[in-house]
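Quick one: the structure is below, and I'll ask about it shortly.
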Amino acid sequence: MAEIEIGMGKTGRRSYRLDDVSLVPNRRTREVDLVDLRWQIDAYEFDLPVIAAAMDSVTSPATAETMHRSGGLGVLDLEGLWTRHHDAEVKLAELGDHGPDADAVFERLRELYEAPVDPDLVTQRIRELHAGGGYAAGAVSPRRVASMADILRRAELDLLLIEGTVISAEHVSTQPDPLNLKEFVRELETPVIVGGCVSYQAALHLMRTGAAGVLVGVDGGATATSRSVIGVGVGMATAIADVRAARMRHLDETGVYVHVIANGGLRTGGDVAKAIACGADAVMLGSVLAGAIDAPAPGWHWGRSSLHHELPQGQLVALETVAPLAEILEGPAHRADGMTNICGALRQAIATLGLESVKDLQKADLAVTGG
Amino acid sequence: MAEIEIGMGKTGRRSYRLDDVSLVPNRRTREVDLVDLRWQIDAYEFDLPVIAAAMDSVTSPATAETMHRSGGLGVLDLEGLWTRHHDAEVKLAELGDHGPDADAVFERLRELYEAPVDPDLVTQRIRELHAGGGYAAGAVSPRRVASMADILRRAELDLLLIEGTVISAEHVSTQPDPLNLKEFVRELETPVIVGGCVSYQAALHLMRTGAAGVLVGVDGGATATSRSVIGVGVGMATAIADVRAARMRHLDETGVYVHVIANGGLRTGGDVAKAIACGADAVMLGSVLAGAIDAPAPGWHWGRSSLHHELPQGQLVALETVAPLAEILEGPAHRADGMTNICGALRQAIATLGLESVKDLQKADLAVTGG
Amino acid sequence: MAEIEIGMGKTGRRSYRLDDVSLVPNRRTREVDLVDLRWQIDAYEFDLPVIAAAMDSVTSPATAETMHRSGGLGVLDLEGLWTRHHDAEVKLAELGDHGPDADAVFERLRELYEAPVDPDLVTQRIRELHAGGGYAAGAVSPRRVASMADILRRAELDLLLIEGTVISAEHVSTQPDPLNLKEFVRELETPVIVGGCVSYQAALHLMRTGAAGVLVGVDGGATATSRSVIGVGVGMATAIADVRAARMRHLDETGVYVHVIANGGLRTGGDVAKAIACGADAVMLGSVLAGAIDAPAPGWHWGRSSLHHELPQGQLVALETVAPLAEILEGPAHRADGMTNICGALRQAIATLGLESVKDLQKADLAVTGG
Amino acid sequence: MAEIEIGMGKTGRRSYRLDDVSLVPNRRTREVDLVDLRWQIDAYEFDLPVIAAAMDSVTSPATAETMHRSGGLGVLDLEGLWTRHHDAEVKLAELGDHGPDADAVFERLRELYEAPVDPDLVTQRIRELHAGGGYAAGAVSPRRVASMADILRRAELDLLLIEGTVISAEHVSTQPDPLNLKEFVRELETPVIVGGCVSYQAALHLMRTGAAGVLVGVDGGATATSRSVIGVGVGMATAIADVRAARMRHLDETGVYVHVIANGGLRTGGDVAKAIACGADAVMLGSVLAGAIDAPAPGWHWGRSSLHHELPQGQLVALETVAPLAEILEGPAHRADGMTNICGALRQAIATLGLESVKDLQKADLAVTGG
């Protein structure tokens, strides 16, 4: 481990961002048509290793269906506007009425999130996800997940994401009955993805809960400001590589392969390719999909933490809308900034390296540039 | 020690800023309500490890009272406007009359500082600090402190800060009777904090004067330009870690725990959390508190060195006012840039790392990022 | 090899850009008139080690003639507008009619490239190159080269450039009869330059095809965005040095000296000098020549990949036109930004280091700066 | 030596700029009045270790006199406008008539430099320098120095600067009788400063010519663009430290102490202090003095190389005028950016480190920051 002496007796680990690394082509190349992007987690197969983030500005029942038709997966935030408002689609569309006035949009969003989560709507939304033809995947925060478990099971959720900025295998709480993540995950029949984590130890403990996948990333995406607000963060390239090492150890100890999903700050095809080369099995995308013309609230992007009343760790971001969601995923690209045809770019990266699959790409050579 | 060869036969120590490091979460998390921020120096206890800087744009008798009610401490500059003008409050408020004209404000400030320090006003201001209900803490420069010692003792100052850009345990001077910091501190009954320093040796010698605390930092905050003016400076993360090492040695040699207070350039909750993780026991804040709506001179921030007639090493800075002082400390935050609810953010950082106290945070893992 | 640990068990090689290095003068200097810039590849001799890129915005039959008269070489893109349109010169000139409207120029260019490559025009353009008095050099992509081989031989092309973002000695394809680069190059009588590559292994395999030269660079010039689109890239200084190591090994194994040509992102005389100091024998220039007043489409610059319909990895760039092509190469310079009199600057660099030739410059001392 | 592998088999030395380092205070401080800035080279003593550059925008007979009265030295360019025009003062003042039109000023300067150097004017200007009361110091380029030697001796020049971007102890030339720097310097009675150099070997060879001082720096100041034009450059901190090592070796071999003068890019008091801490005995300042209200051409700054007709390696720079020259040197400072009261800042730096003299400062501790 590359320990750096910050001062006398205090060391820190050097960590690298995805921007610090790049892929190195070698002596072989491959026709792009021969590249295979398929990905499988638990019993579920996907043509693309791309997940739309569980954010109201990214995933709605409608965009989940588009993700499915493109070959990916969308995860609905089951504590978001869709389970608080019957007419969430209308209310999200109305955000556009505020024009470019971010303050007005922000205030309106805070109002909308004050409505309580309605258990019946949770059930209804899961049915809508099924109706779209794809797998029904939904996200719940650690503090709510236990109370919602029955609803989720009855509604036959296919894949559960337990996601929070504060999540761990061992959470110290004063609550009478805090979530024991390990017991909870093991008892649940639904496969679970948990996250996020950024270290080997944290990932290993999350894997030992029995999760099918773990998210890597805590200081993440376009909306997040955790790094300045609370000082927490690790370079994504380093975090993914460390979590991959945990995956290897867990596999060695248990024979179970837990999927590693990079989440936060991935914007271009190049970012996706590099995340996989660091060790990710799949990626979760936020802002780049929120920029779709057919996103739930075109032009706006926010995260759960953006609207916190006491300590927001995220921002409401105004985005340029660039292309339909399907084009962002699979092209054709009308611009050369890497933010459309992300999966075409991933295929091209793999072909340029003479490789065949996402799994191969995990072994690609990286150069450390910049700095 | 990481010595770098700058050129043949000349080495330098690699030093890191707080921006170069970040906190690394691990496998455990904790409910934020279970986090304890209490801090004690000498006989004085505080709910928050936060001190308002001894700058006229930050601490007045009124803001010291607000700091006290919030659980922190404000230190009044006993050579500033409050001890030069009976009506300092009015004169500071009048700065607002100049609108955004920095030159006019600068000239007016130079005039105001030409009035002499009035010993009776020193006594009166210390009484006002007592009247506010908190501890009376005041700052004096090394060159004046000896002559003011009697006044301070008679006025029953609780905590004395001796602060200067040039301070050391061994000061070479032509003055007939220069301050012997060691004798002075040992004879004084009032507990003393001295600073600033940035190296192990300098800190160790300051600790051996008998000081209860030392400030870390010389090239500091928003107003300071020492780095370009005289070339002096060390990355704050490295400086704090080195001074912590001095604290450990001093504790080992004497059994006395001297408090390390990071001072200069801390702007966000993340900065505070990282400074503590590097080894600080508490932090001193300047510009972020000068941005309070109820600051002594809302919209303006300056330091003692900004107004020097021969060699200013600081600037008058125009600030946006963001929130009342109490909100900057304890929230709720209405923005996500980390500059409000600083103590809430610190609690959240400690909780995210699964820790319990400021003391625990000093042992947190750091990543070295960027660069 | 300087391997850096990105994360646990995943390392990357540290790579440097030309901007990260600089030339170090030493104890000897030389009169600039005594510097010799001559370069020879296969049977062809040049006064200058400078090649104009095979891009329609850089090389036309006319600018190839100017390159020849100045002592360098221009390579015509044999799949570009010149082999698609009889009146390419007129059509390129008409781009100026769109004024500064990049979208209109982009759309017009896409239209123009939809015309098929006309084999007769290929022959005619090669004749025009011969008629200009210099060597006839043309570029073809890997996927077309086999089908065009007969035409090129009959037209007596002097030098063939096989260039593609995806090129390697071993290309895996579903095509019934993919290009076997090694067989192809060995059977061809025309000397071949292939590229680009960025690693020792890739370069060594390209050299073993029998190529007379290899291009270094994949993430290149002013138009290229491969780095963000597909994440591929290596710092140019490192890439050139590695390919030079391959040249040495190949020379040792076979007795054949394969020329190394740096391509992509070289903008100034300093860039050229540093590329050579890293190990290049010659350089290929794009944007800096596209800025000539007498460039094929003054004010605009684009690459093959800029116009791709599915996954563009480049941009159409608007350029300020600065000087006639001959002045950009040999001065006099009217500006001090290093973008004119590039060969004069190269001579001055060699003289400042007390050296005599391009070959000497390859052994110059470098400093690693910045970062 | 910290050799970095740029690529396989090609290494480079890591070099640091002054911006990469800073001074580290320690346990002792000193009263600023006790600091001594005196400097002596050959038989000449100075109160300040500061030389005004031999540039027409910096040193005139008048500003040389001001430098002398302040305690420093001004070096007149003996091939500049002052030896080409009897009424240089008027012609320089007239540059102001062009207002902010840089192109017009540039063209006018080119015209002015087309007049030949008049030997009688050389003699006259040296007399004017004497008449100003200080030492007469003048600069000549390597290619002219031999032919001007008699004039300089007869005019009793006190100190000769031989300065060129291409200078070395061994210059290879086709000229019938090129300058043998070693013979020339040894035969001359006038003490000589030569430069610039940036490496140990080059400095050692220049020292062995018998020079009293060497300039460090080739890629220098505000006007210079050598780094982009010809790619030459080394970080100043590293260059000074290396040249200091040459000074130590030369002293050990010969008993002669050759003075090291940092030249190029020094802008603030902090830069000066850091250059000395790296090993310089004195500094040469350009742009910061050209910004004086009483500079020869207030508001404009250029170097010899800025006006080269074939390959300019410098720019004409428009400057804000900030203060009279004497204030820039010794204050009082009315701004806090370090660009006025440079010598006061140097004294303050030395005092803050508890040191006494420029010679002491050479041993100060440095931190390597940033990056």
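General observations
Going by the order they are written in, the chains are A, B, C and D; count residues from 1 in each one.
As a working rule, contacts are C-beta pairs under 8 Å (C-beta built on N, C-alpha and C of every residue); 3 or more make two chains touch, one makes a residue touch a chain.
All values derive from a computational prediction rather than experimental measurement.
Mostly differing positions are employed by subunit A and subunit B in their mutual contact, as under half of the interface residue numbers are shared between these two copies.
Using the average of C-alpha coordinates as each chain's centre, D ends up farthest from subunit A.
Taking only C-alpha atoms, you rotate subunit A by 90 degrees to land it on subunit C; that is to the nearest 5. Each chain gets one centre point, the mean of its Cα atoms, and the points for subunit C and subunit D are 40 Å apart. Mean C-alpha position of subunit B lies 57 Å from that of subunit C. Residue positions of subunit A touching 2 or more other chains, listed in rising order: 14, 238, 371. Contacts between chains, counted with the stated touch criterion, involve the pairs A-B, A-C, B-D, C-D. Every residue of subunit A that touches subunit C in the complex is listed here, in rising order: 1-2, 14, 16, 21-34, 200, 237-242, 244-245, 248, 268-274, 277-279, 331-338, 341, 344-346, 348-349, 351-354, 365-371.
On subunit A, the positions that touch subunit B within their shared complex are 4-15, 17, 165-175, 178, 197-199, 201-202, 204-206, 218-219, 225-235, 238, 306, 309-315, 371.
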